[in-house]
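A short write-up of the structure that comes next.
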Amino acid sequence: MYKLPDRSSGTSFDTIGILTSGGDAPGMNAAIRALVRAALNQKIKVYGIQRGFAGLIGGDMRRMSSASVSNIIQRGGTLLKSNRCEAFKTVEGRHQAAEALRKKGIQALICIGGDGTLTGAHLLARESGMTVIGLPCTIDNDIYGSDDSIGFDTAVNTAIDAIDRIRDTALSHERLFLVEVMGRKSGFIATQVGIACGAEMILIPEYPRALDSISHTLASNRKAGRGSSGIIVVAEGTEPGLTERLAGYLRQHGEEPRICILGHIQRGGSPTGHDRVLASCMGATAINYLQAGYTDVMVATLGRELIPAPLGDITARR
Amino acid sequence: MYKLPDRSSGTSFDTIGILTSGGDAPGMNAAIRALVRAALNQKIKVYGIQRGFAGLIGGDMRRMSSASVSNIIQRGGTLLKSNRCEAFKTVEGRHQAAEALRKKGIQALICIGGDGTLTGAHLLARESGMTVIGLPCTIDNDIYGSDDSIGFDTAVNTAIDAIDRIRDTALSHERLFLVEVMGRKSGFIATQVGIACGAEMILIPEYPRALDSISHTLASNRKAGRGSSGIIVVAEGTEPGLTERLAGYLRQHGEEPRICILGHIQRGGSPTGHDRVLASCMGATAINYLQAGYTDVMVATLGRELIPAPLGDITARR
Amino acid sequence: MYKLPDRSSGTSFDTIGILTSGGDAPGMNAAIRALVRAALNQKIKVYGIQRGFAGLIGGDMRRMSSASVSNIIQRGGTLLKSNRCEAFKTVEGRHQAAEALRKKGIQALICIGGDGTLTGAHLLARESGMTVIGLPCTIDNDIYGSDDSIGFDTAVNTAIDAIDRIRDTALSHERLFLVEVMGRKSGFIATQVGIACGAEMILIPEYPRALDSISHTLASNRKAGRGSSGIIVVAEGTEPGLTERLAGYLRQHGEEPRICILGHIQRGGSPTGHDRVLASCMGATAINYLQAGYTDVMVATLGRELIPAPLGDITARR
Amino acid sequence: MYKLPDRSSGTSFDTIGILTSGGDAPGMNAAIRALVRAALNQKIKVYGIQRGFAGLIGGDMRRMSSASVSNIIQRGGTLLKSNRCEAFKTVEGRHQAAEALRKKGIQALICIGGDGTLTGAHLLARESGMTVIGLPCTIDNDIYGSDDSIGFDTAVNTAIDAIDRIRDTALSHERLFLVEVMGRKSGFIATQVGIACGAEMILIPEYPRALDSISHTLASNRKAGRGSSGIIVVAEGTEPGLTERLAGYLRQHGEEPRICILGHIQRGGSPTGHDRVLASCMGATAINYLQAGYTDVMVATLGRELIPAPLGDITARR
């Protein structure tokens, strides 16, 4: 559980906006709920901005009440909807966004999302002087500066549940399965899932391996008496087309591997306890950070603590 | 729940064999357990044959006790392992199998599996005079003569659970998803899953449709005010490559569909209550059929009744 | 899957009302969705009545659109809310209800619920001449005239999932567990769950047994070499306080049984595929029955068929 | 993910023993698997001791191979079985246990369990000089010296899943539910679950509250416009009989609360990804600690690090 920071009485906000952007992740709704309730509790008005930065530029936002976030803590997806927005990647787009916020009287913006979202949030803060707080929310858990991100734990458990099913067939048919999990630039999901499923091998972008080396390891395992069934977990971003090429290579070397690409099922579903609590605490903390005068930071985890981490560092280390 | 038939005292068996063959399905273990326990209860010895018909030809079998099937009613896969066996498709192979059975003193064989398995079982019965009973067990539910097959209900629920997750993203991003479910020659899974998930469209082998007709229907739905998110459920066997081609076609017509192929996760997992009860009752009934003198039949469902259905009819209607 | 009846063009309805009443069951929302969409498709206006018969008497109802039932097919509970209503058990209360319907111009009422709800629906039809159709919806599956009711399959699977967990402890500690499942007057849930979980014993209202007879059977099982762990499934309505008394009795006879009362978790949760399809087909069929001129019937299942069954028969056989 | 310590080559072990004791928890099997595989990898022989300290005193143990822990990482319960053992609470009992270990040539013992187990492990180490390492494994997460224990995350998610179901009924019937979760001396489960489920109130042993104060808070919430449905999460150990007394009190004050006691379902089930990874890393680390010369410590977590924590401290702070 996380300790919430003390509130400084230094800064006071009247009206804030919230948006979710980029790929959706389980726990986004729990974060929205916590933000709305914590803000209302501090007599701060909240606008929910629709469809991420696109809706922000278009001024598509509506007032949120406590009831508007009832019964959503357990829901996957995001009730604010999300989007990838090209316009916001331009200075001009971000300028329009700042204008839209000012027109509505919104004094601070809270952005929930991954790498791209938080980078956009940082640029908005720097260019427009708008007060901006970020919440790291991506199943990939690849955000520099935070040990943990909302949605990661749920995605890991969803993938594990799927692989537990696949193993039933792998064992019954004594077969090798190559299972591709999400992770475009990072092997966090693959590593966690691979350990948790007792995978024979884990392939991740951080440690590229040649096909013959992989094949050689498998052959050694066979010789050492390990059964002919097995699971190899591959992070999708390890190498473009790796899973298919590996399957082809193994087929030429006497294996009969099957491929499963878990895909979008990893994004959805009811968030785990961990993600609900993380999202709830991060949401409440974001409002505290606002009132303590922070801007251009995200609520990050360091071990079991919540800390403010500069959004600029994410971009710098990208 | 199913009514079990009366046992005739006419036929008495001393020793039987059990095997699972073809693609595995949830509930195979529950069926094995019921067969073993019902047989032992009748003082019948049971051999578990390993790896389906391949193990049968190879004489790979071992005695099963009541304890050997403890705590498996809830497990996916098959503890007897399964396989697809080319040799058994030949008269010579089936002859060897019959010899292997006689050598062990096995007087009757119970085969758990789908279309191919039950066809093989029928040929063995016809050619060798061996007493053979089949249990319909396939997630596809495409066996002529039985309303229901073991594993179907579980596969449907697994696919539904996956699509419920995908819908979170579909709604959050207002996107169209093409979800491919299992079903090589039949649309049973797709239809059940599509209705249960409120799919916008269901594409199955039984009703082939042209791409432009599909696209036209989608466009009409959009005009009629249905949201831009949606799920189209496609049975894998509808047309080779249909999902990919449909996605390409829709992309040319202004949609941004995403593809998810659920794949092997549909085969595994703990069986549902329905499949456990069905497997348990079918297993107990198979032993009753044996003792009532039946052979070359499977235990089939007709509505809510269990009936003996000739294995030969499956082949005839294939 | 169920075949829907042909629509006669004989009767035409302009406006109908829908309500859910009594204990909630998974699939109620799926039924509401199907009813609303099927009615709107036939140009029939639909009022959703809040809180069951209480809301009906109080005139608490609102128009339902297609969008109002979006994304609810997978949700437990009932968005119309439910209630047990004492007033509706009186002639006077039902008279008020009929008045409220007429005032709103509602020509037919569709009632979703169990025994009590369908009995109330029948009395309303008989006394007021109102066109009434029922949908059997209760986790207990104890409605005379229908093989199946919406919610039963989900409740069974929820209880099985819970007992699968309990068995982990039962096996690890070699302990006996008495697990009480729902079923006030019937053993349907207990029987299905008990078979599916490989229970050592199943106790249901339909077959009352004396404590010493139960204890004797357990002792025999022990002697026959069955392990000291085990699950006894007890239907809550078997005898008031039976579970506690049995535990006490067994404790005096050398066992150390633990008690688990599954309780309300069996009512909730996302409906299974079976319940979603059943609810969807029953909902669509109810609208067809209306247009075919039926009244005072429920949509029942007979084997795999949907049939109209007289509501009066339920009361008669109660 | 956790960083494993370096192995010192200082101490070498030939044979070790492993046991699980006390209440079972999800992840025990994953810990056993990791211990066995890590030990075998270091050429250390492993004995699995049956039924905890009782089996240790009785000398009930058997050699474990790599295959003996295949396919158990995902299983609840413990394949070594567990027990509460009165004899081991005496000096004499622990003396017998040490003798049994020496007789088998076992040089070190690894104990997996909670408070009581680890206290026993400490006393054995102190009194007999036996090398002993502990693994904190309890759903209650109440072990002094470790932030986290194996099984806690799974129990929390199981309780959340149950309460998500209960909420369907709470909302549909606008009712108040008192849900009792596990936690004899601590509110860890209750707090995590309560936040994750959006509970109206959380009652834990660490913060006792008077009935009228609880009732007063509820009444204030009602006045402030919060709906009449709600969930109150109560840790079982808050006060003996609190849940029942609270329900009675609230009934006298106009509420109609329902009670659910989640009970043993919280102990079982397949462990979450978190618990599987934690158990796997703790198991591997325990073998490293052994070889690094540690004894009378447990593998504990401090934030995201694994550290050796003195077993004696647990007893001291009990």
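Each chain gets a letter, A, B, C and D, in the order it is written, and its residues are counted from 1.
Note that contacts are C-beta pairs under 8 Å (C-beta built on N, C-alpha and C of every residue); 3 or more make two chains touch, one makes a residue touch a chain.
In this text the structure is predicted, and so the values were computed from the model without any measurement.
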Chain A to chain C, fewest steps along touching chains: 2
Centroid spacing, where centroids are CA-atom means, of chain B and chain C in whole angstrom: 29
Centroid distance [mean C-alpha coordinates] between chain B and chain A, Å: 37
Averaged-CA centre spacing for the pair chain D and chain B, given as whole angstrom: 39
In chain C, residues with contacts to at least two other chains: 164, 167, 171
Contact graph of the chains (line, ring, star, complete, other): ring
All touching chain pairs, where touch follows the definition stated at the start: A-B, A-D, B-C, C-D
Chain C residues within the chain D interface of the complex: 20, 23-24, 26, 28, 51, 75-78, 81-83, 158, 162, 164-169, 171-174, 177, 258-269
Parts of chain D lying in touch with chain A, wherever the complex brings them together: 1, 33, 70-71, 73-74, 147, 153, 156-157, 160, 164, 167, 171, 191-193, 195-198, 227, 270, 272-274, 276-277, 280-281, 303-305
